[in-house]
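I've put the structures underneath this note.
Below are two complexes that have chain A in common, paired first with chain B and then with chain C.
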Partner chain A sequence: MIRSFLRPVTIYDACQQMRDHGENAVLVAGATHVVNELHRGLINPSVLVDIYRLNGLDVICMEGEELMLGSLVTISELIASSVVRQFVPALCQAAQSVGGKQRRNRGTLGGSIVHADPGDEILSVLSAFDCCVVLKDIEGERVLDLREFISGIRQTTIRNDEILTEVRIRLPERGSRMSFRKVSRRNASSSSVMNLTCLLLLKDNRIVCARLALGSVLTKAHRMSDAEVLLAQKKPSRTLFEKAGSLVLNQALQEAESEGLGIVDSVGSYKFSLMPHFVAQVLTETWERKE
Partner chain B sequence: MGLKSCVRDDVLAKVRGQAGYADDLHFEDLLHMKMVRSPHAHARVIDIDDSQARALPGVIGVYTARDLPIKPSGPDRPVLAWDTVRYIGDGVALVAAETELVAEEAARLVKVKYQVLQGIFDPEVSLHEEAKPIHGESNVVSHWRIDRGDVDKAFVLSDVILDREYSTHAVYHGHMETEVAVAQPTATGLTIFCPSKMPTIVRNAVAFILGLKQNQVRMIQPVIGGSFGAKGPDAIILAARVGLVALLTGRACKGIYSRQESIIEGTKRHPFRMKYKVGATRDGRINAMDICILADAGAYRNETPRVTARAVVEAAGPYVVPNLKVDVKGVYTNQVNSDAVRGFGSPQVDFASELLISELAEVLGIDSFKIRRINGFKEGSLSATGQKMTAVGLDDCLDALEKYLDNNSGIKEMMNENQIGKRRGIGIACMFRGESKGAAAVDTAGVNIQVQPDASIVVYSGLAEVGQGGYTILKCVIAKVLGIGEERIVVSPYDSCYCPDGGPTVASRGTVTSGNAARLAAEAIREKLSKVAVAKLSVPLESLVFKEGRIFDRGNPTLGLSFENAVHAVYEAGDHAYGYGWWSAPETTWNYETGDVSECAPYFSYVYGANAAAVEVDLVSGKVDVLKIVAAHDVGFALNPAEVKNQIMGGVGMGIGYALTEDLDIEEGRIRNDNYDCYLLPTSLDIQEVVPLIVERAGPEGPLGAKGLGEPATCIVAPAILNAIANAIGCRLYDLPANLERVRSGIEAAKELSQIDLSLNRREDCPDISKVSIEGNEREVRI
Partner chain C sequence: MGALRIDCTINGRKVSFLAGADQTLLEALREQLKLKGTKCGCGIGECGACTVILDGLAVCSCQVFVAQIDGCAILTIEGLGQHDELDPLQESFVEHRAVQCGFCTSGMLMSAKALLMSRKRPTREEIRQAISGNLCRCSDYNNIVLAIEDIDSE
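Up next, the complex of A and B:
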């Protein structure tokens, strides 16, 4: 049962309080995940440390070739940001597809990342980029690659007394086209059955570089490197994209096996039957996008 | 068309935040009740150890079935299970505590020892000889049959035979407010505050369960946050639980379910498995149908006998079938309980009959409107139970629908605008539906109108306003009869102390039953006022007109008096201007003894409807978007046209959910999607354009010819959508819901037949449905 609700005013205080209360404390920001977990009895903290009103963690800015996003930037703020729209339009698209309006208004970027849901739309986009997260505690900070940070289904390497304060996205080369698409069961407030973030850099009608991040299939959003390799240095065509789709399917099946995931239920077999077509569709869409 | 629209009675308070819901009420010294429920689908309760729970500070008591004055028995769901639990969610014990949190904690601390028994999760298994009865001697809850003509012979004489299997699923009502009740002890018994669709029945049931007289329980209906068929038996059980605590402790007690509790414990729509065989001539005339239906009742009886009764009557659709066999069984299982959900057995059979007739049309190459007109009921047609049909509005609905589709080029253009990787299609469905309770049930309602000395009016009715606009209908009827404006009338909230019984708000019956009672009550007042007017104006009774707040001479409209003056004169003379109306439905017949209902008149009147759906199917994901629903419904006479349209829109929304996204994920009795994050009601983005078409063919019984609409509005949305999907992808689906997986496999099946090119870069026209071979069930075609 929750016995105290703390609202520190500095990051340091927040870290200190988390350290003082140890495993009994849970950090909460927008509360869209935490309240769900409380409600379902998945967590049972006696202390909630609310960082939603901490100053300085809602910054969106460019630093050189990196886009810096504060962890308290809300999903709605991602959608509204002209900087995000200009440099990472796929992130806007993904943000728009998150939950309902209330959830987008409350939910934060940091919350999405630390809860590491395999179907999380924001994480799907971030996984397509070189991206790192900044974690602070009372002693200092550490910077981790996003891939190292997420260790499994809803699992990360964050310690209980650490706070995720910032995300740094290394921007792809100018002129890259990108898009995010998700398959869901209804048109709003619906989780991803599958999602894909796709990035294509084209020069002289040739793909210089391709990135594909597949979400909601494996333990976390996953880069589809086999297909990326195939696509590189090729001329875009429907056949090529269909081939890429098949490679994504093969890789996903292999990864699923090595991750010990069951793929035999109806949803699983649906996902795998859909996957090559979905990938080809999103690639086509990205290719047809204006730079 | 109809009367002038007026603003619904209940909405202003709701949108202004002034509506008093049960959870908003404040009580001194309030206790909170939480349930201990069975985690097993079938088990014997060996021991209940409540010592830890009782030791928790703030806990007032832990109660079991042993604390009930009457031992629960029989096939009806108990307030608390005696020694056997029959589904996951059956109540075993209840905890009363000072706060909700303590009650919750204490409920977790109650240790129940179970001996787990074999559960039955499939209605077919339930019928096996070796299956142990869940209640009494047999697992059959109800069994109704129709056998008319010679089906076997008629099949031999048919040119085409289709043999199909259909299935529908369990869905949740999706009301915003979960079940809630507060009981307050009084000097004479109890006062219960409980939003329900049937307040008088809840009162009577609570009194019976708790060993009280009906007049010892005062039932007050707070504003309800949605019903859609729910808050019937679930409300009774919850009200009795808090009532028990109030009686045992002498303190007020409140129980409110969380969404999970509501989904786990509460009733659902009956899942149906249906086998349909139809034989027709090559010109599209139906010769014979053989229908066999199994309805999953869940663990207790609830309304299964009546749901299946409706299903047997309506199974063959609104069609003349000279040779017909229907066999409908309701069967116990250890699944969650099935009961009333808007439609009450109709949506399931409408789904099957409308998919079947559309497929028959495709196979025979006949237009889908035409085949429905060839076979559809006309004035004087004989129904499945041999009843002579009157006031038949089927063709009116089909005409209205077809005219709309023909005259709105937008629809045809919409159908040709196929986006890359998508395919559009259109489908229709039609229906008939028995009005009110039917099947020889007692079907009555009372309304008491009190015209105050200042000529304002208070109406007392047992009709439950569940958001359907029932109170407004009463106002419309009374205003029309007395020739006054609705703004003069206030409908009192329900209180069993002074409101007459209106029966339940079920079966789309409020408009007809309470509406008629209101008409009778208003006519009684009119009679009184007429006497005064005759005396004052010296005009004959026959030439009096009640209009625009005046009573005047038809021949000389200036000769008259105001409604106020007439009322005043009545009171001046030492009389009152009160009117009481009690309406009893015309007799209906049913065969409870043998279950053979081949010769019955189960309903006194029927309503009709025809819907069209335009859909877009994503050929990659199988995602279906409903672009447009056109819904024509025969409402007899539109008492409040704006509300008729709103009812249709709401019903369509519910139908879209039933067709596409709503699906309880149940495994061996355990519901896995027990909250709105994964139980997917359609959102505003899933319900696009809805075009309601009002059709008026006056009914024989309704006030001013009005008919009920609440349930019809939702009944045939799903078959229209599934027919549209078949039209889009060239492959039929036979099971609800048409989720991503099913539609995708339909696309793949069609693709194997090389009907549809999944090309991502090319636009193509719609497939010509007549050239598409139909994959799916085996079929026998002999032309």
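Up next, the complex of A and C:
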């Protein structure tokens, strides 16, 4: 049973309260997950520590070649940000595909990342970039690569007395085209059956570099390195993109097997049948996009 | 359960009440404040029946801890219009027959109101986006969209 609801006014106080109450405390941001987990009996804290209105964690800005996003930036704020739209348009597209308007208004970037749902669209996009997270506690901070941070399905390496304060995205080379697409049962308020983030850098009608991050298929979003290698230094064409789609399927099947995931259930099997065509389609769309 | 004192503004009036630390805004609206126009469809953020406007933004009141609204301004369906003086949005819902059983309607209206507060002349696509988190199971989404669209042309 919850005995207290704490509303710290500084990051330090929040970290201190989380340390004081240890495993009995749960951090709350937008609360869209925490409320549900509490009501389903999945968590049973005696203390809630609310950081939603802490100052300074809702900043969106460029610092050199990095886009810095405060952890309390909401999904709606990501969509509205001209900086995000200009430098990481795929993140803007992914944010637009999250839940309904009400969830986007309330849910935060930090909440999405720490919840670490393999279907989370925001996490999927971030996986296509070199991206790190800043974690603070009362002693200081540590900076972790996103790949080290996410350790499994809804699992991260964050400690209970740490707060994710910031996300830093290293911008890809200038001129990169990017897009995000998701397959879902409905357009709105529906989680991904599968999603893909695609980045292409072209010079003289050749692909210099390709990045593909596949989400909602494996235990976490994965870079599809076999297809990335195939695409590099080639001339873009429908045939090439179809081959890349087949390689993504092969790699996803292998990874699924090594992760011990069942793929024969109905969602799994139709997901895999869709995959090659879906990948080819997203690659084509990205190619056709303006730089 | 520790009782918390909440001071906030609801439908333009300052209110102060005691709430439980694990209570949602929806529960407090319906139980302590007796504002039963805000409905509970699913209680897990899926249906939008509980939508209210919190500091100018549409949110699902079942997804917010009431302790988080201390110092905030909330608009619920009761603040939209009165029986003898409906909000133009409500009038338009009636005219366009955008209501059947009515269970989703207060949430639909609050999502639409939040949109109109930020965009004077929303496009049809913006209207569809704004109500995409509100499920209606017995009426017609087209009439709902038309009812909202009609507001800017009046």
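Keep this in mind: the second predicted complex is superposed on the first by the 291 of 291 C-alpha atoms of A that agree within 3 Å, B and C clash if a C-alpha of one lies under 4 Å from a C-alpha of the other, contacts with A are read in each partner's own complex, and residues count from 1 in each chain.
Heads up, the rule we're going with is that contacts are C-beta pairs under 8 Å (C-beta built on N, C-alpha and C of every residue); 3 or more make two chains touch, one makes a residue touch a chain.
Predicted, not measured: the structure shown is a model, and the values here were computed from it.
Chemist: By the touch definition at the top of the document, which applies to A:208: first (chain B), second (chain C), both, or neither?
Modeler: Once the two structures are laid over each other on A, A:208 reaches no partner at all.
Chemist: For A:5, decide between first (touching chain B), second (touching chain C), both and neither.
Modeler: Touch partner of A:5: chain C, not chain B.
Chemist: Touching A:188 in the superposition: chain B (first), chain C (second), both, neither?
Modeler: A:188 contacts both chain B and chain C.
Chemist: Is A:52 touching the first partner chain B, the second partner chain C, both, or neither of them?
Modeler: Only chain C; A:52 stays clear of chain B.
Chemist: With the two structures laid over each other on chain A, which partner does A:218 touch: chain B (first), chain C (second), both, or neither?
Modeler: After superposing on A, A:218 lies clear of both chain B and chain C.
Chemist: For A:83, decide between first (touching chain B), second (touching chain C), both and neither.
Modeler: A:83: touches no partner chain.
Chemist: Considering only the touch criterion stated at the top, classify A:36 as touching first (chain B), second (chain C), both, or neither.
Modeler: A:36: touches chain B and chain C.
Chemist: Between chain B and chain C, whom does A:106 touch in the aligned arrangement: first, second, both, or neither?
Modeler: Only chain C is touched by A:106; chain B is not.
Chemist: Of the partners chain B and chain C, which touch A:284 in the superposed model: first, second, both, neither?
Modeler: Only chain B; A:284 stays clear of chain C.
Chemist: Overlap the chain B and chain C contact sets on chain A and report the shared residues.
Modeler: Touching chain B in the first complex and chain C in the second, residues 1, 36, 100, 187-189 of chain A appear in both lists.
Chemist: Quick check: in the complex, which residue numbers of chain A touch chain B?
Modeler: 1, 36, 100, 183-191, 193, 238, 241, 266-267, 270, 273-274, 277-278, 280-281, 284
Chemist: Quick one: which bits of chain C touch chain A in the complex? Just the residue numbers, please.
Modeler: On the chain C side, the touching residues are 1-2, 4, 20-22, 24, 43-46, 48, 51, 57-60, 62-65, 67-68, 70, 111, 114, 129-135.
Chemist: If we count contacts the way the header does, which residues on chain B are in touch with chain A in the complex?
Modeler: Answer in residue numbers: 101, 105, 421, 620-623, 625, 660-661, 677-678, 680, 682-686, 739-741, 744, 748, 758-761.
Chemist: Once bound in the complex, which stretches of chain A touch chain C?
Modeler: 1-5, 7, 28, 30-32, 35-36, 38-39, 48, 50, 52-53, 76, 99-103, 105-106, 187-189
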